[in-house]
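Just so it is clear, A, B, C and D label the chains in written order, and each chain counts residues from 1 on its own.
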Amino acid sequence: MKVSPAAIVALCGTCALALLPAVVPPYYAGLMIPFFGYAIALLGFNLLFGYTGQLSFGHAMFLGFGAYGAAVMSGVLGIKSFELVLLTVMVASAAIALPMGLLCVRYVGIFFGMLTLAFGMLFHSFLFKFYSVTGGDSGMRVPRMNILGLEFAQYNKIEFLAGPFYYYCLGILVVAGFVMWRIVHSPFGLHLRTIRDNARKAEYLGVHVHRFRLAAFVISAAFGAAGGAILGFRIGLADPELVYWTQSGQLVFMAVLGGFANFFGPIIGALTFTLLQDQLQSLTEYWRFVLGAILALIVIGFPEGIAGLANDLWRRLARRVA
Amino acid sequence: MTVLLETRNLSKVFDAFRALDRVNLAIHDGELVSVVGPNGAGKTTLVNLLTGLLAPTDGQVLFMGKNISGVGPVELAEHGLARAFQLIQIFPKLTVAETIAAAVISRQKKRWRLFSRLAADDPINKRVGEVAGIFGLRHRLDTVSAVLSQGEKKLLDVASAFALDPQVILLDEPTSGVSTADKHTIMKTLIAAAKLAGVKAIVLIEHDMDLVAAYSHRIIALSEGQVLADLPPDRFFSDPHLIETVIGKRRGH
Amino acid sequence: MAAFANILVGGVFHAAVLFLVAAGLQLVFGVQKIVNLACGSFYALGAYFGITFIQYATQLGISPWLILPGLIISGILLGFIGPPIERMLRSVYGRDESFQLLLTFALVLMFQDVFKFVWGANPRALDSAYLIYGIIRTGDFSVPVYNLLVIAAAVVTAAGLGAFLQRTNYGRILRATAENRDMAEALGVDVRRIYSIVFTLGAVLGTTAGALVVPTAAASLDMAIEFVIEAFAVVVIGGLGSMRGALVGALIVGLIRAYSIVFFPELEVLAIYMIVIAVLIFRPAGLFGRSLA
Amino acid sequence: MAISRRTLLTSAAAVGALSASGQVFAPAIAQNKPLRIGILAPRAGIAAAPGENGIRATQWAVERYNAQGGIAGRKIELVIEEESSPKDTIERFSKLVQQEKVDCVQGIISTGVGLALGPVVEESRALTIYWDGTTQDGVVEKIPNPRYLFRSTDNECEAIMSSLLTIKYWKGKFVTVAGINPDYSYGRNNMAAFIAVLKRFNIEHKVVTEQWPKVGTMDLTSHVAALKAAKPDLIFSSLLFADLPVFMKQAHAAGLTEGTKLVFPAAGWQHTLMKKEFTPEGMLFGHNTLYFANPNASSLAKEFVAWYEKTYKDYPEWEADRAYFAIASYKAAVEKAAKAKGGNWPSQDDIIDTMVGLSVESLGGKGSWRKDHIADQTFVQGLTTHKNNYDFVTLGTFETMYSTELQKPPGADFWEWIKTAQFKV
């Protein structure tokens, strides 16, 4: 069985990330944890955007479900197993996304984006308003949990994040990536892509457009919550800032930066964005302007994103070699 | 011959405009029925009602005896009624194989398989190969639809409808935009493909009279939303008054 | 009774501010189907520039009575940012709507630092200007004349836009382009120029609104981001692309907010979102929007 | 750390120069590696102004210290990073500690960020001094008895002082009370503290309305209308962002402020925007730990204010003092610990132990660190006056109180403390 190029890319990526902590200073290993959170959430986001053609502009809300879910379960209920928390927040987020999706999936394009933005802001003001329940602006604590039943007590949180938890998150990203790869390359995945390209024609070929859009929405919510739980664990706090509309904008930025037409695009986008923002913040006080300029440049000049550029380069190389 | 698709005084009114007025027609097993008439006679409205895209104002559409009025194209595809479009409808970023596979997946009821690898699903791939073969698209299986030629796109549009193994297929001017020389070859391919795919009846919406004459078992003429005539070709073409109305020189009664 | 009047005027004033912010957003979306996330940034730009413009004018000795026209002029002057930004958006017209949305998000990020770089971190305000036109006061009821002028400005804008779109020839061309861009192009409409003009008009609506309202409030760095939320709430309620919807949406939000502040202060922001959700469930395309499957 | 002979000689020469310049401190062995201090302050959005105040005060202090040889002979180098959301701020903090290897981190203004960063500070074992941002909610539970973290005075101090002064000035002159506070933990706790103190002194009062505008709301006309409808004798408000001057302007326009007693414990954050046109005299106005026009301010403070005014054409507010106190107390602790160790560079633990109980002259007056690592500082509040040559209000009569009278003792529960404390009014 010929090893597909995608498998090679996935393998190289995983190995590179696996070697990272040994090569780079611990700070950057710690910086990768939010990258893992965003990458997993973006896998779900891109099932909706890249594969089903629905741009959600309130997607940070699902990361919020993950973070606050983790805060409630481990902080309030004292649950110690991170796996249990992860699964529960994914199910809870999917459950919330169902009714919300029923409303939103009847809409496409800008209207869908607007509705998800409205829901995102509703959740943000809910978190802010019911401060007695959600802690308002100071958020809710996400205490440390054990992974795979192991406490790793000998590590303090910083070492734990840069060490065992780093590999744990890498593992989750690989699993999530594999699961999403299978979904996207399954019959179900093909029907999603027909919806993206031509929903009317798809209907005539027996594609349940509304139901499938809803399914993609719910799956993306689950992946978003998983990413949110990892973020919550890393910060140690779930706070309303995580669900503000500019965060949803940042998620779209990462997807487009990486190239949403490609499966690995959003993951590459999340990595590039995390490193770019880190370097820019140390460079200048006006780093938001530079980020905005880069986003504008990508949207206008390189809509295919980094993955698209890499593909073109690879093809040009292959042609020259062949 | 059993009746596959039937309408019972089917009417459709848009605000004040009565697009269809108590249309009664029946499509039987093994027939190729052409629906002809000048523009604005209600052909497109009829197609939209037959394929469940629009709900009738009153009257019914029955498919295999079941009332399918306004049920929507998704349900109908499952029941075995397919449609190819007048304006070519394809999936630009999907390959020919994927376009056909989409229909095959619906047909084989595998749409909710989230984790099985499409590439490894032999029954689907085998069927896709067959349908592509029938339509002479086997050499184009891995080509992205957007780069196909106009003729190939037309074939793909129709092929994907056939891939549903429908009982009845509705072809909306399948040869429009194709050179007159190729029109007959396309029609022959379609009819041959229909037999191979087990299609029991074809409804053809067509302006080109010699195509209609050449291949129809029966011709239904529509004018101003009403059935003007429902005759076999020989009696249809022997009535000059009818031809003029259909071609649109003179308004109907 | 006076309290009721105070609350009513407060609500109508907030509605006027909201309409001025949302009008530009609606116009640009109505004609060009672009959702401009930077509408808040144009508003903030108008506020900051309005302050600098008036402070400079008063230094030149221009009478404070001319503050209102002065602010309107400063808003219009900012129109020059319209064409270059539209030119930038034009490069992605052909592509998926999300690209235009993202481009306006890039603008939001860039404008954030422009405000800090040019006007600094401290909030800016025009202090003596607010009460220059005096206060109407009868018993407990009192309202600064300036607030009424802002309400009047909103009404004039609404009427003006309505008349412009409905009655003038140019307005009809705009609506035709909005309805069916290709058809309009086929009929010889220079859509490219129309889009540039419409976007500039939308921008000017935003900047002038910012300038007009700033004497009653202040200009601060977080304004551009915060205003997007309320503008979107109005537009979602009123229906995307409909000017009448923006007016009604603004009134609903303004009045409901005013009364919830008095009677259920805890609910304030949530009250607005309750309406947004109610509209989404029962009239998903908004009260005046066209429903799109 | 082996010190080569060469560095020994050069530092000895440096010492000679230092003592000549009147610098008392003369360490026998001064590492000439610069002392790196990380600063984490907001630089965008609504908290950018106080962030800027803090950064400027720190830069001023560093220039002055470096001119006199730095801290214990080591020049100071500032590494400034941005405090934004809890997630990003934790990343910037980790960069400062792990990547930039700073010797001390100072900054943090927002409560939410402070609470999120607390556990990270302890885990990173990095000496960190907060400027601001600790309200009662969750403080006890999230950062119980910290080792490496030094936190500013509790944010409720200004509310307690305002409550005490309200009773002192207006006892018996008000019954109906209205509140308009920012809708987050700071606003909520200040209002609750005010009411609790009134109850503690069993002052007869009736809360007629409580408004909770979202932080940064630019249109408060409806809130003003609601307050007017309630006809309060007194309005308590801990608004402190750009919405504060907007509220004053809109309240003045509605005639709300005439004849109503106003208690604004945190108005000092926007003092230059509280213009005379719309800010009445006789309003209880809190300047927290820095009143720029304090007549009996130290020469240090007067020099700072003059520098600030000349350099930025603006007047500093209390965030500048909080930043100055952080770096001044750090310097004092390092130098005291170094002297105790005979001139060797002290370990971080030595510095921390010396810091506890240390007291220093900050810009706004005396400041010191308690054993629970919470600061004690001098607070200034008073009644506004127009009799000054600025276009904004300053303080006519004012009081100075040390936070020992305003702050719960170590380990106590804030709300219980209010019920039992012996306040001097």
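As a working rule, contacts are C-beta pairs under 8 Å (C-beta built on N, C-alpha and C of every residue); 3 or more make two chains touch, one makes a residue touch a chain.
For clarity, every value in this text was computed on a predicted model and none was experimentally measured.
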{"item": "Each chain counted as touching subunit A and subunit B at once", "value": "none"}
{"item": "Contact-richer chain pair [A-C vs A-D]", "value": "A-C"}
{"item": "Interchain centroid distance [CA atoms averaged], subunit A/subunit C, Å", "value": "33"}
{"item": "Chain centre separation (subunit B, subunit C; CA means) in Å", "value": "50"}
{"item": "Computed distance of Cα centres, subunit D from subunit A, in Å", "value": "38"}
{"item": "Between subunit B and subunit D, centroid-to-centroid distance (C-alpha), Å", "value": "77"}
{"item": "Contacts with two or more other chains, residues of subunit C listed in rising order", "value": "112-113, 116, 225, 266, 269"}
{"item": "Residues of subunit D engaged with two or more neighbouring chains", "value": "43-44, 183, 214"}
{"item": "Touching two or more other chains - residue numbers and ranges from subunit B", "value": "none"}
{"item": "Complete list of chain pairs which touch one another", "value": "A-B, A-C, A-D, C-D"}
{"item": "Complex interface listing, subunit D residues touching subunit C", "value": "43-46, 48-49, 51-52, 183, 209-214, 216, 218-219, 221-226, 228-229, 241-242, 245-246, 249-250, 252-255, 270, 272-273, 275, 277-278, 314, 391"}
{"item": "Contacting residues of subunit D [partner subunit A, same complex]", "value": "43-44, 81-82, 85-88, 90-92, 94-95, 98-99, 110-112, 115-116, 119-120, 123-124, 135, 137-138, 141-142, 183-185, 188, 214"}
{"item": "Residues of subunit C defined as touching subunit D within the complex", "value": "3, 6-7, 9-11, 13-14, 17, 112-113, 116, 120-123, 125, 127-128, 130-131, 135, 137, 140, 142-144, 147, 213, 216-218, 220-223, 225-226, 257-258, 261-262, 265-266, 268-269"}
{"item": "Sites on subunit A touched by subunit B in the complex", "value": "179, 182-183, 185-191, 193-194, 196-198, 200-209, 212"}
{"item": "Sites on subunit A touched by subunit D in the complex", "value": "25-27, 30-31, 34, 128-129, 131, 135-139, 141, 156-158, 231, 234-237, 239, 241-242, 277-278, 281-282, 285, 288"}
